[in-house]
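In the two complexes that follow, chain A is the common piece, with chain B as its partner first and chain C second.
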Partner chain A sequence: MRRGKRKSIRNEPYQIPTATESYEAFPSLEKNKEYILSQFHNTEDIKFRKLTIENITCKLAYLDPLVDEDKLQKTIMKPLMEKNTLNIEDTVTSKEYRSSVDLNEAVTGLTKGFVVLFIEGHQHFYLLEAFSANSRAVSEPINEQVVRGSHEGFVENIMQNLQMLRRRIENPNLVIRFFKVGKTTDTKLAIIYLQHLVNPELIDEVEKRITSIKTDSIQTPGYVEEFIEDSPFSPFPQMLSTERPDRLTAHIIEGRIGLLMEGSPSTLVMPVTFFAFYQSPEDYNSRWYIGSILRLIRVASFIFALGLPSLYIATVSFHSEVLPAELILNIKSSLENVPFPPLLEALIMQIILELLREAAIRLPGPIAQTIGIVGGLVIGTAIVEANLVSNMMIIVVALTAISSFAVPSYEMSMSIRLLGFPLMLLSASFGFIGLVFGLSIILIHLCSLETFGTPYFSPLAPLRLNELKDSIVRLPRWLLGDRPTDVHPQFNKQEWRSRRWKKNEND
Partner chain B sequence: MKKTWHLSIIFSTTLLFLTSCWDQELLKESKLIYGAGLDYENENEIRTTFAVRNLGIPVSQGGVYSNRILSVSGSSPRDTRIKVDRVLSKQVTASKNQLILLGKEIARKDIDHIFDVLYRDPKGPLDARVGVVDGRAEDMLNLDHIGDTLITEFMSDLIKGAENKTEAPPMTIEKTFRYSKDVGQDYALPYIRFNEDVGAPEINGIALFHQSNFTGVVLPPFDATLLLLMADAKSKKASIVENIGKEHDQGFLTQTVTINIQNAKSDIEYSFQEGNISKAVIHLEVRGNIEEYPQNHLFKESQVENIADELSKKLTERGNNLLTKLQEANCDFLGIGRDLNAYHHEAWHPKQWDKEFTKLNIEAKVKVKISETGIIK
Partner chain C sequence: MKTTSTINNAQLFFIIFQTQVGVGVLSLPSSLYAETGTDGWITLLITGGAIQFIIFILYFLCARFPTLTLYEFAPKIIGKYAAGSISVLYVAFAIATSVIVLELFETTIKTWILFRTPMLVILLLLTVSGTYLAVGKIKVMGRFYQFVSILILPLIVMSAYTLKDADIRYILPVGQNGFASILKATQNGIVSMLGFEIVLFIYPYVQNKGKAALKSLTLANIAVTTLYTFLTFTTFVFFSPNQLEVIPEPLVYMLKGISFVIVDRVDLIFLSIWIISVMTSYVSYLYIAGRGIQRLTKRKKTTGSILIASFIALFFSMFSHDRYTVEMLSGYHAKASYFFALGFPLMLLLISLLFKKKEESQ
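Coming up: the complex of A and B.
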């Protein structure tokens, strides 16, 4: 059997006609209306409004839900009626204006919130912008809250999001490239980067991958992520998803590329390193040693969340002699009447925990609290009193869960918790040896992982001591003279002796 | 890539079925030995007393720890452990053993033979404390508890306490092994005696060992402290109480002075004759502060110096007596043989060291310095 080619032709997705072929407009109003209605399959939210200008009948067509009523009144209808002239270009105050004879362009325009103006007897028609830019108010993203710092979060409207970024980086070098992806949905994607800074090869690579997406629809950035990431089978997220403009800005300024999508407040950053998932914008807001300690705690939380249950299982099932004599009694006495092996105990607790977490997310706030109390307190106490799970295991699992939630990125926190399960199996079968092998495999994977041609585990592998200053710890900003080199920015310097005033003072 | 993923999935699912047929040793399936006592039974048998920890009800549910004391005789320590496993539920584990007590009688035999069981097992309790009991170890363990404290904890804490006060050398099973194989270095183990007045065991000095046998000589706690200071092995705290005689006596309880040693420095000076060692002088210099001197406030410097001089004299005397005892016991506690081997190798005759040591001229010179006399003047 020959492999390869045969499938690709058959699986070409169904083409939905968009503005691909042109269709010449009619001079007759009625015929144009008929054609547009037929293209929209007589949908009922399309509206036609008759106007008479210079005694000629005109017709405005628009999709009601997409059009801002205010704009329609003020920028199109009022000027047309008041001035009563067919010199449309000078009359209409709409911010975007186009004229065309291709009816299919009118159809696409309508789906994007344009108003189409047909004039009886003319083949030309006009596309006038009256897009309703309603979006929800800007609020702080609930899964990336900070104590100090910006409380701004992205919204579902891509233009407003781009506006936030433009406001933060007022620089002509900030470039935005739009892409249309999805045959049916025709979703707007945008990549944003600093032209003078970012590695040109990286832009090419990202553009190449985005343009090669051929799919029916894109509904969340997760779709894009899965289409363009390097290793789809890796348990680690290779793009950072954030809803915070300040976080995205910081990454853009390091020479990375941001990806925004219409209809989603979460944006993607690429390429990122492992440590980007452990950084929070807050780190730069507090004093540097506080920021450093918080980061160290987060890195410790990674190790806890990954290895604590397996370490405990390996210890109580194979190597109890490593426990100090005072501790072993406490652990042993809590284990004494538990009928299950430690692995099963841990699995029971982990599954209960995941269930609780999943249930609490789906429920509205006040009920979620009840679930927390019922789950955490009632089940926790009852399960120990019923001798199904030992006290120690509850402590271990609770610590693991808390550590995994300390990660500032939700995806990473889930990945780590899930990686804990194979480690638990290994340590329940082989003890410390299994655990060490499991951890080594994870480490090897981390070291070999690459995203968009940059090493994922940088600056630890390859080891760049100089860049550890802003990964595991955060040294004061004036010591971070160079950008991280993992993305190969076009120039490295990012700080030019800002504290030189100190020296001048003494002169 | 795909193949490795398939393989790893198959691998990890098969792992699930392998669990528990592996060499697991579940903590909850084990019985912990917390202390063991070894006694001489007859020419071919040993009696081992085990203190096994009971954990019926979890402590979180109001249970208390208790020991079960079992005594078994057999042809070797391993034999007794196998026998005790027969009378106990679950599997006996000695890896957390905290205490090994040796009866006086058995300590005079070769303890290497007794401890062999511990040295071969990789999970053996090499950090357990060892003590020699005046009488039988079995009787000591049968006390079960002293006050609220279980005997095993009580004993190991008793020994650790003595180590902190520089009254016993810090000896574990592992160290005992090392020293018993070393020709140029001997050791001592804490000597425990049942104090009838108090109704509890007490540390009654140190039992001197030569190679792997107890010599029968026991040094009282005070001499033990001085010996340890000479061996440069001061622990956290060391106090010396010395009777400084009639001329200081000015009333009730005024004959003594107590000094707390802050630091001690010991140096051994060797002299040689015709390629053989002829004399070893131990220079011990201790600095301490006066912890107790009831008769005077010690305003004057000269007075303090007088006390220091007198103390030096008394301690030198005690030191010399102590060294004689060491030589009688043939216990090279100070590691003179090892020093010779390392620094004066031409004078080192390992095969004759046993005889040479007893005949050696050893002298102690103790110098006391007093740095402080207390907070109120």
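Coming up: the complex of A and C.
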């Protein structure tokens, strides 16, 4: 017992002083400076600038890397020097202005890009915003490209991201709630939703889960996802991660909640169903037949990516009699010189493929092409000529890989390929029987998975015929009168007979 | 934050349907043939009528206690101790049914697909996946059953395809063995169509009770009767009476004979789909047994009790068995099932009517 207790004390994460405990400021400039320096452990990027206003010495303190020089000059230093008055509130043109006597608040403010103004002989000081909002230029996210449609992508700056969303939904009902998470990093999280639409229980639940996060640091949205998702051991992603503002907007308008994080361009959508991972914003930009066909192809790609190698393994190693004679002759002749069982062949090829994929991501563009040629052409042909893997298996694995990359979400495509491995083992051991049981277990898991009170495999299980028209296919927009009900929005209607002009037309 | 644990009426329909369609479908045509010759398909229609009658009894019993399962309302009707023993019997019956499903499944798989795989492994495949489904509770079962019911369509298409080689003269003249033998064969029909008694245990979870639930039950019965009659009829017009006498699983043999463009052995596909139907029946009985054990041991969660039930079923199915012992066992089981599907519920209904026992409405 005692040992455990001591250990837990030792493991208590180091905490920077936040505004929770207060420390009263001194009237003396030097003492204040001393305290702040000691709180920052004499870091060298903290700057102090002396000013004289109304013949009183003042001091500006700021963390140099966080502060925008332009803002500092234009909104703080220039007005102070020109007007030369201690009426700070009316002088400074900075966006945010606060006055305080708690030095720890000054310390927290400094870490967030505030400039602190101390005045000799005054105990209270001022916090003036001069945050540097530099971020990279908006560009299309490379992992979610579309042919037609918006080419805007989120950036690392949360405010700019929120601005993109506000511009897309110009509505006072769009609510943003900020959270501070992480004892050391004090990361800014934001959830965004439409107040008049979202199920209030859902908001409470999301807020409850976020506020219960107690951790040292949050570095990517993946941390948050793992803290708040329902089934952490499920192979399926339960929150949609997207870098596209149009995709996030579409989900917010369906009554879901978006989660943004400072420092990351990828945002999370919750709750989502399985089929959200198979939808792309561009579906709504093409003719509805085309959008529907594309969606059907993606659903087929799910089945191929999951089951094709195992179906092949089961067929050639157990039930080759299922195939007609002409086909089986072709397959068996390509298998003839291969010394390995089909399972091993498939594993070799799948692992080579995953290696190639992983290597190609890390390398810069031109070299990645070389990897493509070496991997695809050289290994592909050589491995067949060396009789290590059969022609058929190359075709099957290539088809599987292509199918899995057709999924618009990267996490989902990885999950599916990984789920293929246990299925391959099962079908190599028990043939079709193993495959059927493996697929049933996956299906049972999909049926029982729920995220934030929403069945994950809706609208297929539980079956909601009315919602199939905007999940597996995409019917014209004017036929989609109701929102998906899986999130229990406060009202269902989303379209009010937009084509009624047709009735009034005379022939 | 969880969704409600209720099932809608479509899910009720599919739960009943999938519980009824199960292991028996393969051997049904030959067992009917043995009893009443080529008139077996008429027997099934009559059986459907008889089952409808039982369904009314079960429904009236459930409707008197709309928020309670049999394990919960039995004590209110016949007192704690008698109800306890009936509950134990029901649990034993459900486990016995699971054991028979497991054994029939194992023999069929061994005969048709995996000849040399150890028995335990095949049993484990069904037990593990079935238990995983059963612990998901009734709403997950409802979703799953509804989803996999789409697989019945290819079954029908495959069987319908064989009708091109059918000869209607095989079943003529209709009624050649007399009405008495047709009626007598009804018991063979009822045994393979058992499963509707699950309504006694899931009725409290149905969203729209009353007439809508009765409609689902009736539709499920109609669907099962139609499906079974169709399949039996197909085999009877496909095989000549002489052939039927020697074939134990006519449906599979029938499909073995046909081939499509890229599929040469349709029977393997058929059996792969049939596995799902077996699994659903197995899971339903596991659920009944699990709920009973939970109720009797006064546990809060179902998961542990369902695990216990599946272990017991696995244990008993592991005893070495040949075709004949299985047949003997299922014979006893068939006789017992009359009590569980009809006898006990009828008794409970009569007593509750007599003493005006009813759940107090809130």
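What we mean here is this: the second predicted complex is superposed on the first by the 490 of 507 C-alpha atoms of A that agree within 3 Å, B and C clash if a C-alpha of one lies under 4 Å from a C-alpha of the other, contacts with A are read in each partner's own complex, and residues count from 1 in each chain.
Convention: contacts are C-beta pairs under 8 Å (C-beta built on N, C-alpha and C of every residue); 3 or more make two chains touch, one makes a residue touch a chain.
None of these values were measured; they are calculated from a predicted model.
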Touch check for A:P422: first (chain B), second (chain C), both, or neither?
-> first
State whether A:W501 touches chain B only (first), chain C only (second), both chains, or neither.
-> neither
Quick one: classify A:F452 as touching chain B (first), chain C (second), both or neither.
-> second
Pick one for A:F430: touches chain B only (first), chain C only (second), both, or neither.
-> both
Of the partners chain B and chain C, which touch A:E321 in the superposed model: first, second, both, neither?
-> both
Taking the superposition as given, does A:L463 touch the first partner, chain B, the second, chain C, both, or neither?
-> second
Partner chain in contact with A:I331 - chain B first, chain C second, else both or neither | first
Where on chain A do the contacts from chain B and from chain C line up?
-> 318, 321, 323, 325, 430
In the complex, go through chain A and note every residue touching chain B.
-> 233, 315-318, 320-321, 323, 325, 328-338, 341-343, 384, 391, 422, 425-426, 428-430
Where on chain A is chain C touching in the complex?
-> 201-202, 205, 318-319, 321-325, 327, 430-437, 440-441, 443-445, 447-448, 450, 452-455, 457, 460-463
Mind listing the chain B positions that touch chain A in their complex?
-> 1, 5, 12, 15-16, 18-20, 22-28, 30, 32, 34, 53, 55-56, 58-60, 63, 65, 93, 95-96, 98, 123
For the chain C and chain A complex, residues of the former touching the latter | 1-3, 8, 10-11, 109, 113-114, 117, 121-122, 125-126, 128-129, 132-133, 136, 140, 142-144, 146-148, 259, 261-265, 268-269, 271-272, 275-276, 279
